[in-house]
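Across the two complexes that follow, subunit A remains constant while its partner is subunit B and subsequently subunit C.
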Partner chain A sequence: MCAATGPNVTRLVGQSMPSLEAPDKAAGRIEYMADLTVPGMAHAKVVRSPLPHARIVSIDASEARAMPGVVCVLTRDEVHADPDMEEVYGFVYRDAPLVAMDKVRHQGDIVAVVVADDVDTAEAAAELVDVEYEELPAVMNVPQALAEGAVQVHEEFFPIAPELRPIEGTNVCHHATIGCGDVDQGFAEADFVYEDEFTAPPVQHCALDLHAVISQIEDGKITVWTNCQSPFPLGRELERIFKMPARVIIPYVGGGFGSKSRDRIECVITAAAKLAGRPVRYVLTQEETFMTFIRPAYRNRMRTGVKKDGTIVARHNEFWVDVGGYAISGARSANNTLKVATGPYRIPNARVDCYAVYTNKPPSSPYRGLPTTQHTMSYEAQFDRIARDLGIDRLEIRRRNLVRDGDIHVTGDYLRSAHSHECLEQAAEAIGWDEPLPVDPEGKKLRGRGVSCTIKYTLTPAREMSENSAEVALVEEGVFEVRIGTVNIGQGSDTVMAQIAGDALGVGLDAIRIVHSDTYRVPVDSSTTASRSTYHMGRAVVEATDNLKPQMLEAASQLLEREAASLVFTPDGIAQADGASEDDGAAVTYGELVERVGAPLAATGDCVVGGMYAGPDGRSYPIASTFWTFASCAAEVEVDTETGTVRVVKAAASATTGTAVNPHSIETQLEGGIGQEIGPTLFEQLVWDDGGQLINAALLDYPLPTMETMPDYAPRYVDHPFEGGPFGAKGMGEIGSVVLPGAVVNAVYDATGVLFHEVPLLPHKVIEGLEARAE
Partner chain B sequence: MRPFEYIRPASVAEAVGVISERGEDAFVLGGGSAAVVMLRLGVVRPELVVDLGGIEEMRGLSRNGGLRIGALVSIRSLELDDGVRGAYPLLAEAASQVANVRVRNVATVGGAVAYGEPQTDTPTALTASGAVVRVAGVSGERSVPISEFYVGPYETVLEQGEIVSGIDVPEEPPHTGGCHVKFTVGSPENKPVANASALVTVDPPSGTCVSARVVMGAAGPVPVVANAAGALVGIEATPERIADVAAEAAEEADPMEDLRGPEWYKRRILRIVVERALTCALQRART
Partner chain C sequence: MNVTLTVNGETLSLDVPPSTTLLDLLRDRLGLHGTKEYCHSGVCGACTVLANGRAVSSCSMLAGQVDGADVLTIEGLTPDEGLHPIQQAFVDNFGLQCGYCTPGMILLAKALLDENPSPTREEIIRYMGGNICRCTGYAGILRSVEAAVKERRSWS
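What follows is the complex of A and B.
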């Protein structure tokens, strides 16, 4: 295992500070994908399927190829003709062809790529590609896909991740179950059993920075610039498909939220670059993002058995995730959330069934913690129904059931550093839970408060492995270069890693330089997803500094001609320890050290995770999640009973962060999560018509949250050090959004007496709910 | 975006000359808030884009027994102009609720009128204000009352070769109050589920309504004038009477189900925005 903690002295860790790159971002000096160019590059446009499901009869690209300025057109024929090009990609589920082969599986599916000297020519030529389709029946949602005799979106299954298990002959590309205790027995012992079904429609992430790629093949080597969140898995996939070395370079990224966590354009544009014999650049339009990756449609049927005192004795969850036409991302993210579907509660008898289902929607990807967000909304809404029914206070029923340190989770994991009770109390206190609610003198606007609690996993391999490494090098002028695979996606990772490295080395921020996410310049990292970087990369950085220190001491020892044991690290360099000998004061600065050694000093560090751990009973348990993040959210809403509008007046999220490395960053991550999730909770959704056409795939018709929809917000966190984390830290990037919808749904229930089973809480649905209750 | 020829004429005569000569091939660009999106999405694929932005005679706001609005005046100027805010507060209020500041800075009043989009705020308020649209063509200028200007969604009486060169708004009589109410789902920057403009004049000693005009937006294919408002003339409008008028007005509307809500819900919101606009306008007229 890697080093657990750094030195005891912390000067940078724990300080609130703005992102290191903030001044450059504010001044417009940061380059994003849209700013990058490569000499000689051509431009691509994608020919996309207008139909959700169809067989391709023929593709005629001759007119497009004949257009002046067109370099080439990539279709299935060109892919077939190249023996050194694998046809299908996907590093979690290998089911996506570079371009459509026999059929298209969603509206917007990639049929051909037109490469031209400029974007306008490529766009005009793309319209000349004549594709003849034979329309197939489409399955546009999970019930249709699971119906008897439904058309199969894929006839064969190719799961790569070992935990993924399709059901042959169906559209279920993955089904898995976990559980503990005896569920039947649990329900038999229950005084009351509650059953509910909750749903949420797809939304899109709408990152400001559009997904883009430049691909170049030169001297038998691929170089790809992209704003993808998983550079190393992408590089390996490119190497597998094209049978040549691949380098992936990620610039600063303006948000991804999961939409860029898996490849959908990088491999196909590389195929186009190979055919073109030139670098090729491709930038998705905003409209195309809606057909590239979306947050999946979700449904959860949940039965819960409780005792009269509100203690949960049994729970059975079945949830369905609509992964769309390709499972390259959605199947595993659905599976990962099996681990948290029962919530942060002590449940002796539990069973969870996860179904990831192919449909003819665009492919799904994670969305800031999804579907943990929907799980949380589901079990928290049902919990308020139970509390009201049993006449138990809503905070009290949670206090009676929340996990504590030492509990065994449904996955079998021994929970520690939970602090879920503290999160609950903090969040409730932050919005003034016990204060009287304002009363509208006209009686038209109703106020209410709600709370929700959650547990979130991080991406954890099924077997013990090191997929997280860092390198720290002492380079010229005494600067420590910290080389990490973590993608700077706006979450503040460079700053947090600089704080960790600075304290681990005992130097100031000005002695640290972060080099990030270039697969040829930094060691391996699995991805920037699942709130994993602070913990995993932070540990790797600490270990790299631990490995570097003996090298530096050895070099200083030779230079100063002193015993290494008599030397100590100072903020500026290495010096003779006080009282070590008569000539105290022998010292070398880091700058002198590297100059006199004549070469950089460098060391790597690895963070090994996964595998088994020894439980409190001495037995071995598989690790389902390297760490668990707990959080609560309390919200106050105002419901306008005339218009049905729900306004979130106040919201407070409290999360367990371990040591808060950068409190400012934690507060803004929580705030960002809440601000973003207001949309899917209150008004955002993608809408398809009866013909399977997405009708609001443009920002003109797709409402997003703005500053005007932000509630008053109070950030809180519980920062007890987490044993094993770097300086005691763990991850929390997604938790704010995860925990919001449950609190809002419950606040509306409190205000109106209507428990909504689906989001978004559109005003006309709220009116329908209020009227149904009045009857 | 498809390549196109681009010209920027310096006069109305030059603009309408080239537009009428090129016919269907020409596309008119005002501020660009709608036109550029249509070009980018390929909704229109013109051979020629005629940018009106260089025509000085279509700029400027002037008050002289009425308000003369150049077609190129931005929505933001209408919102912020002191003269408009003082004498035509209904127009300033409606302008202030259009989209967001970035859009209002580029979008023009003439463009908002000529585009004919039923889901926007400015035409609703201009219709309530009794505005007259100045239409320029090769054979000169004609004036069309805005209540006769709209034919259907995105469809106006503008003929091939004609452009909107300006809008004239008659002076409001004393003791007049106006109010524009916009209702959205989600951010207030979004397009309205419905909106309403009310313009009411009262007789001060008695407090009775001398005139009451209500226009509803996003309420049908064109801005819908609520005849029900006439019932308030000659009486002292009580909250009950206003509520009745609002309910009747909502029945006069012809809203269509779309992403912003089903028909029944839009009628409900129309009733609410009309009631709120009338109540507020009356209060302003009386003070």
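What follows is the complex of A and C.
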């Protein structure tokens, strides 16, 4: 019926433009969680466990309750006493009590919540809550947790996501395997077999906008303001726990990097608000964020069989991810990375084992693609060892093994738009791979170059919530309101969606208004994680505009008394196609249209993912990831052999982005990912003492990358349109950080001849490595 | 205790508890939310403001220490219409993503340019190295400050 399905010209897509909100951010006018208030709100302070593992003998909050200005204290007794409050939450793994019930499982575990009229009173009263603990043996790392007879962090397992499979009677809360071919036969056919073990310690995301929540219960309805990255799953979890409707509102978020991807404070503060009978606000301190979610400790044992020419014929690797005291986030994110643990290579015979293990560390969460980051570092570092051993050029050995379009991935997926070879060549070229390295005349500083290649999945399907929807509405004054669940966390999502919507409608940016992440104002979306929004939300937005257009045409047809089929969309409105001008009235602006209809016109669009892919060979293939992002990084380092200090001098990353919706935004995402990952690669790590106490939870003791550690960046991208993506786009927000460490480890190997099997590359470790090599 | 200071050109006389930091005073008493808080230990620079033209971490400064001082926050830098050239440089050069460190970064850049109107790249890096940004990898910030230096002649 529609002669006009819209101009669909790309005028905004492909343009570099600063984010829509950049001027307000530069002016300091954007409100983040810490800037929000609600009338009548009280303030919370959380009483946290000082011990990593202990049974709670008693809690005496009477002194705290008696303090003037204290509203209430929430402990396990109040939770028990409320029949309309479920005790345990977690929408991936349901193992986290609102407040500790029988025992605490990590330092900083939540024991009680003190609510008072002001923050100072809440803090003072929290000091008065007397908790008696019976200390239990703690398992502070994966080897301890897996040891014979180790204490169990949880006695029972409650996985929610169907793919999560615990091993009863152990601390393994999830074990899964992926594979292809016949691994034993593959190793039998190999000319050489290499075995390595790689490790990386926990770090924290250090998003500057502290995780915070305001919870209000009014007229039997919960309203929660939070900077969580998953508003809809959180809302459903609140509704399940409190048995009443819940609205979740996310303001602009000052970074998350995965630390806010799951709930850890929203449900418990809502319980406190219910008890208090008034809204309650809670803002984590920077120290508390280090005990709320961390990037997990990681270990990978990797065995690879190769032919003499460097062709990989077999791979078996096992990796262990330390999910900490609660698996509310870490278990599934570990499992997801099974899909990419073999890397962007053709491996005919492969097996990967993933173990997610409870310990008494704080809970883990994803960190900008982790653990894909550590997988990449592991297989790339081993690859350089193999190349050196076999005397094969490091780029050439990768060229011989990188996947191409039409290859079948270890998941069974039919790979398309891979372009992994182009990424490799682009990244190497961008740092001047073949140019001679500068030589230090004193011979104290060594230079080297390294390269690394990766493949990254996106969340597919979003199992706990497979809906990904958007709504587009023509509202007053001819503005198109684009309603999306995507959280604006600094990645530029509002801008990308406005570009996509603008082109889908054939209108300019000034005709677009974005409404984001309010569960009562926008349709459902799973989460803002896993580089998924540009693809999934972008597709939903395009479909919403497709569904809106017939409505607009129908309305215009009635107004103009013309056949809908004779009308076309223009940048300003709808007009008759056959050249009829406004003179004869056969045109209506969008503003007039909505005014004369007398109500907004709105339509939703969905992005349904999963199912099977129909390959060009006529066969059906599973879709383990809606799209795959490929990338390569080439880095140049300088190693000071006297101090052991490593400096990343240059870092180039090239990623497959599909159509580049906002090219400069892509480049700055790559720069940001690389710049952030410099820290965990060179100097960041969380350290626990023998008593299980985290000793560097404060920024004074925890260095972060600064402008002084910044390398010369060379961001690149391969922008062949991706079939199925909105205007051919796919996601890439995490890929810069994912691909860096492998390149740096390999560059240090190139410079020094020492292959380091763990990060960070701390100066004393580098010196030890150099000394061991000299001996 | 009583503190008298000038904030964004307005002289104020306030009674505050002695433990009040300049950050608390700005955010909680005056509602100037453009100044941000993260580490509360003088490390990250999110709370950077200018006191008598010098960049300071307002979280680590007691209100009593700025008695008599002239304080400039991001609200004071922002003109009634449009943006200050440094702010515009951050917008045009993708010098921000989440925007949380941005007010502090922009004020630090203002202090630098007031002190040294034509800094070299190395001088910019050394001066700006004190403030933390988690999103940009600093490249966009460096480009922004360099662009602002180039524009320096058009404002002063």
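What we mean here is this: the second predicted complex is superposed on the first by the 749 of 775 C-alpha atoms of A that agree within 3 Å, B and C clash if a C-alpha of one lies under 4 Å from a C-alpha of the other, contacts with A are read in each partner's own complex, and residues count from 1 in each chain.
The rule is simple: a residue touches a chain if its C-beta (ideal position, glycine included) is under 8 Å from a C-beta of that chain, and two chains touch if they have at least 3 such contacts.
In this text the structure is predicted, and so the values were computed from the model without any measurement.
Contacts of A:E195 after superposition: neither subunit B nor subunit C is touched.
Looking at the shared chain after the overlay, A:D35 reaches subunit C, while subunit B stays out of its contact range.
More residues of subunit A lie in contact with C than with the other chain of the pair subunit B and subunit C.
Residue contacts after overlaying the shared chain place A:F683 against subunit B, while subunit C stays out of touching range. Once the two complexes are overlaid on the shared chain, A:A22 sits against subunit C while remaining clear of subunit B. By the touch criterion stated above, A:D130 is placed in contact with neither subunit B nor subunit C. By the touch criterion defined above, A:A698 reaches both subunit B and subunit C.
Shared-chain residue A:D510: touches no atom of subunit B or subunit C. In the superposition on chain A, A:E671 makes contact with subunit C only, not with subunit B.
In the superposed model, A:V253 lies in contact with subunit C only, and not with subunit B.
For the contact definition in use here, the residues of subunit A common to its subunit B contact set and its subunit C contact set are 698, 700, 704-706, 708. Interface residues of subunit C, counted against subunit A in their complex, comprise 33-41, 43-44, 46, 73-75, 78, 83, 87-88, 90-92, 94, 96-103, 106, 124-126, 128-132, 134-142.
Considering their complex, residues 1-3, 37, 41, 100, 183, 185-190, 193, 259, 261-262, 264-265, 268-269, 272 of subunit B touch subunit A. Contact residues of subunit A toward subunit B in the complex are 120, 123-124, 287, 642-645, 679, 682-684, 687, 695-696, 698, 700-701, 703-706, 708-709, 762-764, 767.
Note for the complex: subunit A touches subunit C at residues 18-19, 21-32, 34-35, 205-210, 252-255, 257, 285-286, 489-492, 664-665, 668, 671-676, 678, 698-700, 704-708, 710, 713, 736.
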